[in-house]
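The next part holds the structures, each set out as structure tokens.
Both complexes shown next keep chain A, but they swap its partner, so chain B is in the first and chain C is in the second.
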Partner chain A sequence: MIELYAIAEQPAPEVPSPLRAVAAGSLVAVCGPADDEVTPEALWQREMVLEGLMADRNLLPVRYGTRVEDEEAAARAVEERREHLAAALERVRGAVELSVRVVGEAGTAVHEPLLALARDAVVSRPQAPESHRAAYLVDRAAIQEFVDTVAALQRTTTNLQVLCTGPWPPYSFTSP
Partner chain B sequence: MSADKILHAPPDLDPFARELPRLDHALSRRIDADPERVQRGLAQLVLTIVELLRQLMERQALRRIDGGTLSDEQVERLGQTFMELDRRMEELREHFGLTEEDLNLALGPLGNLL
Partner chain C sequence: MTTTVAQQEVALIDLVDRLLGGGVVIAGDITLAVADVDLVYVQLRALVSSVATAQEKGVLPKMGSAL
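Right after this comes the complex of A and B.
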């Protein structure tokens, strides 16, 4: 069994061994050995691989633990979903995911100004004591403005704590 | 490559770090220079790792592509990674008398996050 890491576009990226870039038409599946041990280190190493690839190309992160029989099966899985994946890649082209978590009464008030700077957003259910939790799809060129806006909201709103992390691979934006 | 993933941190990180082990105030007494900075750096490091785990656990990137996604047991184990962080914090504490740079080295495969 091998594990899928990410879907990217041709030309195939150079990936460090033991990773493999498997061509599937105009797309590429980045695969690696399936790891039985699920550890923070394994997650983090995978994240490093994705971020390395993300530095100069667009990609869709594949859900952790997604496995196929071999490279042939990986190519087939990608081919079968070619249109869907290509459209999904189009959606995230040139953008990254930024995560925002807010503690404070005015939590949702930060959403509108941040959404205005983003291509899209996925709001998820906040967990106490949070009042807002969302992922924003932000153009690479707009990251700084987004972060500056977060800082400004923090400064100008009383009783508000905003935590912003990223840039992440577009984990929340993998559907077209 | 693994630059700090915290783009903006609030003045008080505590509410976000509830699930994390308390950063023992006793630790800072062992730091000669700028204990606040070191402690904050440590909090950021752990938050970064937790945020990553959260991302990976909460979000379904591409929907199930083929057979062979994670088993229930593996998902449970993934949840236990939070417990694993406890252990890691312990390790960090052991090294805490050292410099921030030494702290980085102690993280091994997690890389230089601070």
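Right after this comes the complex of A and C.
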């Protein structure tokens, strides 16, 4: 069994061994060995691989733990969903994901000013002690402005903690 | 991505949310054991609480952007 890591576009990226870039029409399935055990180290390792690929191209991360029999099966799985995946890649072209979580009361106040700088956002259910949790799809050119705005919001709302991480591959924006 | 231990912990929470709950679903064959996922989540929820508590006590510096 191998694991599907990400979907990218042709031309196939140069990937270091033991990764494989498997052609599937106009798309490419980046595959690699499956992790034996889910540990923070294994998760970071996967993230590092994706960030390396993301440095100079657009990609869709694949749900962690997605396994297929072999490279042929990987190519087939991607071909079968070609239109959906191509449209999803189009949506995230040139953008990254930034995570924002706010600890404290009424943290949703940060949402509007941040959304104004983003292409899109996905708000998810905050987990106590958070009051706001969202992912923002941000143009690469707008990352700095977004980060500066987060810092400004943190300065003006001292009763909140605004926790921003990224840039992440677009994990939360994988639908067309 | 991150510079301090506290920020790495925060980033790990975000990473786990994304890797295990995000990404495009390609095949039905996701063989990650549910028990593994639950374990990771439980540890991280505990971590969120501990970070918040430590900050209230002034043990940890207030975190801003981890970028």
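We take it that the second predicted complex is superposed on the first by the 175 of 176 C-alpha atoms of A that agree within 3 Å, B and C clash if a C-alpha of one lies under 4 Å from a C-alpha of the other, contacts with A are read in each partner's own complex, and residues count from 1 in each chain.
Throughout what follows, a contact is a pair of C-beta atoms (placed from the backbone, for glycine too) under 8 Å apart; a residue touches a chain by one contact, two chains touch by 3 or more.
The structure displayed is predicted, hence computed values, not measured ones.
Novice: May I ask you to decide whether A:Pro113 touches chain B, chain C, both, or neither, giving the answer as first, second, both or neither?
Specialist: So A:Pro113 meets neither chain B nor chain C here.
Novice: With both complexes overlaid on chain A, does A:Ser172 touch chain B (first), chain C (second), both or neither?
Specialist: Touch partners of A:Ser172: chain B and chain C.
Novice: Touching A:Cys164 in the superposition: chain B (first), chain C (second), both, neither?
Specialist: After superposing on A, A:Cys164 lies in contact with both chain B and chain C.
Novice: Looking at the overlay, does A:Arg67 come into contact with chain B only (first), chain C only (second), both, or neither?
Specialist: A:Arg67 sits against chain B and chain C alike.
Novice: Please work out whether A:Ile7 is in contact with chain B alone, chain C alone, both, or neither, and reply first, second, both or neither.
Specialist: In the superposition, A:Ile7 contacts both chain B and chain C.
Novice: Just checking: does A:Gln45 make contact with chain B only, chain C only, both, or neither of them? Give me first, second, both or neither.
Specialist: A:Gln45: touches chain B, not chain C.
Novice: For A:Gly94, select first, second, both or neither according to whether it touches chain B, chain C, the two together, or no partner.
Specialist: So A:Gly94 meets neither chain B nor chain C here.
Novice: By the touch definition at the top of the document, which applies to A:Pro33: first (chain B), second (chain C), both, or neither?
Specialist: Once the two structures are laid over each other on A, A:Pro33 reaches no partner at all.
Novice: For chain A, give the residues common to its interface with chain B and its interface with chain C.
Specialist: In chain A, positions 1, 4, 7, 38, 40, 43-44, 47, 51, 60-68, 77, 81, 85, 98-99, 101, 103, 129-130, 135, 143, 147, 150-151, 154, 161-168, 171-172, 174 sit in both the chain B and chain C interfaces.
Novice: Going by the contact rule at the top, pick out the chain B residues touching chain A in the complex.
Specialist: Against chain A, chain B makes touches at 1-2, 5-13, 15-16, 18, 47-49, 51-53, 55-56, 58-70, 74, 77-78, 81, 84-85, 88, 108-111.
Novice: For chain C, which residues count as touching chain A in their complex?
Specialist: 1-2, 7, 10-20, 22-27, 29-33, 36-37, 40, 45, 48-49, 52, 55, 62-67
Novice: Applying the document's contact rule, which stretches of chain A touch chain B when the two form their complex?
Specialist: Counting only chain A, the residues touching chain B are 1, 4, 7, 38-41, 43-45, 47-48, 51-52, 55, 60-68, 73, 77, 81, 85, 98-99, 101, 103, 124, 129-130, 135, 143, 147, 150-151, 154, 160-168, 171-172, 174.
Novice: Show which residues of chain A lie in contact with chain C when the two form their complex.
Specialist: Contacts found on chain A: 1, 4, 7, 34, 37-38, 40, 43-44, 46-47, 51, 60-68, 77-78, 81, 85, 88, 97-99, 101, 103, 127, 129-130, 135, 143, 147, 150-151, 154, 161-169, 171-172, 174-175.
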